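There are two complexes below, and they share chain A, which is joined by chain B in the first and by chain C in the second.
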Partner chain A sequence: MTHLQAIPLWLAVPIALLLIFGSVLTLLGTIGLIRLHSFYDRLHTPTLGTSWGVASIALSSMLLFSWLGGRIVVHEAVIAIFVMITTPVTLMMLGRAALHRDRAEKSPLLPDIARRTLGSEDHPQVSADVSPAGRAPNPDLRG
Partner chain B sequence: MSAPLLIAAISLSQLLLALAGCFAGWRILRGPRAQDRVVALDTLYVTSMLLFLVTGMRTASSFFFEAAMVIGLLGFVATVALAKFLLRGEVIE
Partner chain C sequence: MRRLVPHPLLTVGLVAMWLMLTRFSLGNLLLGTVIALIAGWAMGALEPARVRIRRWDLVLRLALIVPWDILKSNAAVAWSILTNGQGGKRQSGFVCIPLTLRNSAGLGMLSIIITATPGTAWLEHDQHSGLLLLHVFDLRDGSDWPAFIRDRYEAPLLEIFR
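So, the complex of A and B:
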């Protein structure tokens, strides 16, 4: 561990705090993954780890390697930005897939409003024909 | 003075991340439906990627950083493919 001795104390303290902060947030997210009861609740919990968990660990790694290399190292920001961009995309796709499966099975977990719109996802023109007035442009806004 | 502090922090961080990976793996094994397992697998990808980053800080080598980047990319692609499979029943239409 010779490279860690080169870090001054005023830099080691924020590096250690960011590391522990990020890993505690990731652990809290996975505890929520176990404790919560519904799938739609559990879908939210990994975002603790993918937002500030990844950000603070990448930030502490950037601080460490910037001091060791004697220059600004921003490699880890690529990972952090990539994870922050892709996590909402994947979780939205998973939520839509779970909603589709629950609707296909007429699951009792769904509220009534989500069950009534069965078929609007597969046949979007049907729901457009049911309520044409709702889709018409508002005449007050056309100016 | 700063080396023991950093080693303690890195060890604690590795321990917490390994525990988080165990919890995600428990949800993969138990999770009642397929979408629960996919969410837990995505969480396991992110957790192991963070564990690789922290281990890379410990060894000061760029090998772990590149491995973490590959894990991040593959995790996104795998989760999108699995979500597409759950939605449509096939990956490529």
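So, the complex of A and C:
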């Protein structure tokens, strides 16, 4: 670990902060994945890790190895970009699978705008609807 | 020339990326060029629709506001997880948004933006009607989600991929 001593303090502090920030976000994302109850809510939390989680860990790694290697290292940027642009594929697949199942089962958890197929004639043209996760819908949000 | 290099921008970009990922040398330049050419032919064989970017200034603007929005959303969702949905007051829900954007590259960009933002999840999009179904992590702040998505992301994307 002696090469880490070659890092000056002014650079070590942002590297450490970025690393901690990214790891905390990723950790919170995984905690949310366990603790939230609805599947749709759980879709949101892993994106903490795939957005600024991976971005700030990659940034701190780029800073560290650019300094140590004496040249600009961009490998991590490529990793971060690929993580970011491939996430929608899996996330949409999971979301649509859940939606498909809930529609087939006529789940009471789905509000009207989500229950009907998009674009079908009986699709209600309301702009927003709060899911009845044990709570009354909020009339203010109905367009 | 078109036959040999069907996607010049992609090929040049791949060579540049190859050289950045390795150390610059003649061998790496040759190897990177060969790989980039093959990738260009593969792309040509797939015959994707040509993407034409009309407004680079708006691309730059989006590249600045999107990371900032994502950071704010990260903070909001992280805080909500820490405080257990602010004591159970958080209300998630579905939002349906009619889009005018039809360009597939634009829709692809929009899906990346919406998915990378922790507060929103893209669930379904109907190409025929242009309706988009989102799931929003916290609807309580009362913001007008359809107007927000339309004005902040869809409008610049419409201009960029016009």
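Following the convention adopted for this analysis, the second predicted complex is superposed on the first by the 114 of 143 C-alpha atoms of A that agree within 3 Å, B and C clash if a C-alpha of one lies under 4 Å from a C-alpha of the other, contacts with A are read in each partner's own complex, and residues count from 1 in each chain.
In this section, a residue touches a chain if its C-beta (ideal position, glycine included) is under 8 Å from a C-beta of that chain, and two chains touch if they have at least 3 such contacts.
Here the structure is a predicted model, which means the values were calculated and not measured.
Participant: With the two complexes superposed on chain A, say which partner A:Ile81 touches: chain B (first), chain C (second), both, or neither.
Facilitator: After superposition on chain A, A:Ile81 lies in contact with neither partner.
Participant: According to the stated criteria, A:Pro111 is in contact with first (chain B), second (chain C), both, or neither; which is it?
Facilitator: second
Participant: Check the residue A:Ile31 against both partner chains and state whether it touches chain B (first), chain C (second), both, or neither.
Facilitator: The answer is both, since A:Ile31 touches chain B and chain C.
Participant: Touch check for A:Arg101: first (chain B), second (chain C), both, or neither?
Facilitator: A:Arg101: touches chain B, not chain C.
Participant: Does the superposition put A:Leu68 against chain B (first), chain C (second), both, or neither?
Facilitator: Only chain B is touched by A:Leu68; chain C is not.
Participant: Once the structures are superposed on A, label A:Leu9 by its partner contacts, choosing first (chain B), second (chain C), both or neither.
Facilitator: After superposing on A, A:Leu9 lies in contact with chain B but is clear of chain C.
Participant: Considering only touches as defined above, state whether A:Asp41 meets chain B (first), chain C (second), both or neither.
Facilitator: Only chain C; A:Asp41 stays clear of chain B.
Participant: Should A:Thr50 be classified as contacting the first partner (chain B), the second (chain C), both, or neither?
Facilitator: Touch status of A:Thr50: both partners.
Participant: What is the shared patch of chain A, the residues that chain B and chain C both contact?
Facilitator: Shared contact residues on chain A: 24, 29, 31, 43, 50, 53, 75, 78, 87, 91, 96.
Participant: Can you list the residues on chain A that touch chain C in the complex?
Facilitator: 24-25, 28-29, 31-32, 35-36, 38, 40-41, 43-45, 47-48, 50-53, 55, 74-75, 78, 84-85, 87-88, 91-92, 95-96, 99, 110-111, 113-114, 117-119, 123, 125-131, 133, 135, 138, 140-141, 143
Participant: Mind listing the chain A positions that touch chain B in their complex?
Facilitator: These residues of chain A touch chain B: 1, 3-5, 7-9, 11-13, 15-17, 19-20, 22-24, 26-27, 29-31, 33-34, 39, 42-43, 46, 49-50, 53-54, 57-58, 60-61, 64-65, 68, 75-76, 78-79, 82-83, 86-87, 89-91, 93-94, 96-98, 100-101.
Participant: Residue numbers of chain C touching chain A in their complex, please.
Facilitator: 17, 20-21, 67, 70-71, 74, 77-78, 81-82, 84, 91-97, 111-112, 114-126, 128-129, 131-133, 135, 137, 139, 142, 144-146
Participant: Which bits of chain B are touching chain A when the two form their complex?
Facilitator: 1-3, 5-10, 12-14, 16-17, 19-21, 23-24, 26-27, 33, 35-36, 38-40, 42-43, 46-47, 49-50, 53-54, 56-58, 60, 65, 68-69, 72-73, 76, 79-80, 83-84, 86-87
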